[in-house]
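The next part holds the structures, each set out as structure tokens.
One chain, chain A, appears in both complexes that follow, with chain B as partner in the first and chain C in the second.
Up next, the complex of A and B:
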């Protein structure tokens, strides 16, 4: 019975088609980057009002650079897609009364939070694996082979990065009335900290993981502290979300 | 681009893209036809799904359906 809500989440996700469209959207997103980079000289030549005889020299990016830009793309638009797909998680069930009903069945809040968190964590992990697989496929066909170990490390860091952001989102979604507000806060914090971290040397912050997942492709990196703080942050977010889960809509 | 002259490679490039787009399109259309009510007129969403590449179905999945 412990996993009943978890299983229900998957059923709901399938009915919702979320199980299909989120991975496919991320895969298309990942495929676009190598394709654009490969055809960039053609696109520029046909698009701009350049005089005849203009020669554009664009150095061919290395496979690692291509994968780096895929990682950036997934971190920005991919994260937005995943969070948007999760936006209504608590807010909708609160309005519909599902959360209040679950509470009346004496189901602990931690189980509700954990089931949903585990569902989205798995969904985004699988989506990223598929997306990175697509990116690797196009990179090999259009460019060249690349260092597999670096790529695996980069993918792993990307997944942890997504899980951290999802956990922060779930924390705010549990505390606040509106899923949209929770989404905006999560992305806002993400944006501000990414900006700050380009000036300040706080290498240990979890928000570094995104950038590190890109850097892992081109240089040696140390990830111990960001990983440790990420795990602490995920744990804290889940505990607070479980303790403070808002069961009833304030307006009702 | 020398790759464009090689039909085999061209197929390797285009086939996965077309397949993924087709999946999005078909799944969005199945959902649209099964749903009794959408967020706005159905035929508009059908046009959005069919004619706007990739983004159309995604926008439908995110905002096209009623909150239910």
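Up next, the complex of A and C:
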């Protein structure tokens, strides 16, 4: 009974192929970086229209640098893919009337929010693991081996970063009628704070986790405070989303 | 279940204004035109929205089955999956999905809800509302998307279901209210105008339609007849809203004979909602 909505989310994601296209999109993103970096000299030579005799010397990136560029791709385009996949999670159910129907059955809002959040969190975590696995595979084959511990820490931080962004999106999606507006606000907050953090030294903010997930590949980092504030932020976002979930479309 | 002084405002718009009533065993119809506040009231009783002021006693502790105006269905689920999901959500065991679908007149087709017709979706919505054997069944315009045969079947189903539970269903069609309900709540512009049995509500009121061959009469010929409240004309058809069926029938027919008119058809039916409202307001 308690897991009914959670199971329904998986069924719905399977039927609309979300379970396939989200991991595949992230894996493609992850594979593209090592492949592009490896074949870059050939690409430039064949398509660059350079005069005969031109010599281009591009230093071969280290495996850590390759994985760092993968991490950046995932943090930008990968995050957009995950948020797009979740965009209609509340707004569609509001339009269909199913959220109101769940309320009429006395199902607590917290169960609705947590079931959906757990689904998207697991989906994005598994997608990131598959993407990072793909990146690791091509990096080892085309470049060299790398420090596994650093890579595991980086992957873990990347997952937490995604969960933080998903939770913020869930907060806005629960409060606002439009999933698109919630998505734009989440990305807007992410963009503005990331920009601010490049000037201001507030290392403890959750929005640092994305950058730290990349830095973990090349240097020692301290993540205690951003992790603590991330957990607090996730908790707060979910509590407010549960308390203020909009069940009915305002036009109904 | 008792509702007292329910008011709901959306900004400056008052959707419900100081509505109080008690819900009785059996079937109650919530009668009113579009925009009268029927859906707002049903949403409140279904716990989907809260009143701006006033309160409802006794709806928190009972099992409520709710069919919104547009059935709340998951587009990718087949009818059987829809029933099983509702059973899973409500923790109801031993639900015979096929039997329940059969009861509402729906074949267990292997098609997702998105590909069902409006009538089939309506029936599936009713089945979904019945899964957990609710003590109170709330239905928002349950026959609006159905053809005449489907409408008859659902009204028969309501007559059957009302023996086991309280039913509150909204409609703007007076004959539907008369057909299945024991009690009527009459809403207009957010206010409860009247409540009572259908007989109380209709009294001796009726709507008479008279169609004539070669109609040469004018409105003046029909005004001031005993029992006639309002007269209107469409082509050669005259419609009389009456406060006293017997008296007005006699007066109209006497006038027809006196003027030597040829009757094409003469039909006595329910009064229109509009004339009921006028009557109640008067």
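Simple rule for what comes next: the second predicted complex is superposed on the first by the 252 of 252 C-alpha atoms of A that agree within 3 Å, B and C clash if a C-alpha of one lies under 4 Å from a C-alpha of the other, contacts with A are read in each partner's own complex, and residues count from 1 in each chain.
In this text, contacts are C-beta pairs under 8 Å (C-beta built on N, C-alpha and C of every residue); 3 or more make two chains touch, one makes a residue touch a chain.
Source: prediction; values computed, not measured.
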Clash or fit, chain B versus chain C on superposed chain A: fit
Partner chain in contact with A:5 - chain B first, chain C second, else both or neither: second
First, second, both or neither for A:102, with chain B first and chain C second: second
First (chain B), second (chain C), both or neither touched by A:195: neither
Contacts of A:247 with chain B and chain C, given as first, second, both or neither: second
For chain A as apex, the angle formed with chain B and chain C - C-alpha centres, to the nearest 10 degrees: 80
Partner chain(s) touched by A:236 [first = chain B, second = chain C, both, neither]: neither
Partner chain in contact with A:84 - chain B first, chain C second, else both or neither: first
After fitting on chain A: smallest Cα gap, chain B-chain C, Å: 6
Chain A residues touching chain B - in the complex, by the definition given at the top: 17-18, 20-21, 24-25, 27-28, 31, 35, 38-39, 42, 81, 84-85, 88, 92, 95, 134, 137-138, 141-142
In the complex, chain A residues that touch chain C: 1, 4-5, 7-8, 11-12, 15-16, 96-98, 100-107, 247-248, 252
List of chain B residues in touch with chain A within their complex: 1, 3, 9, 12-13, 16-17, 20-21, 23-24, 27-28, 30-31, 54, 57-58, 61-62, 67
Parts of chain C lying in touch with chain A, wherever the complex brings them together: 39, 43, 46-49, 60, 64, 66, 68, 70-77, 85, 88-91, 128, 132, 138
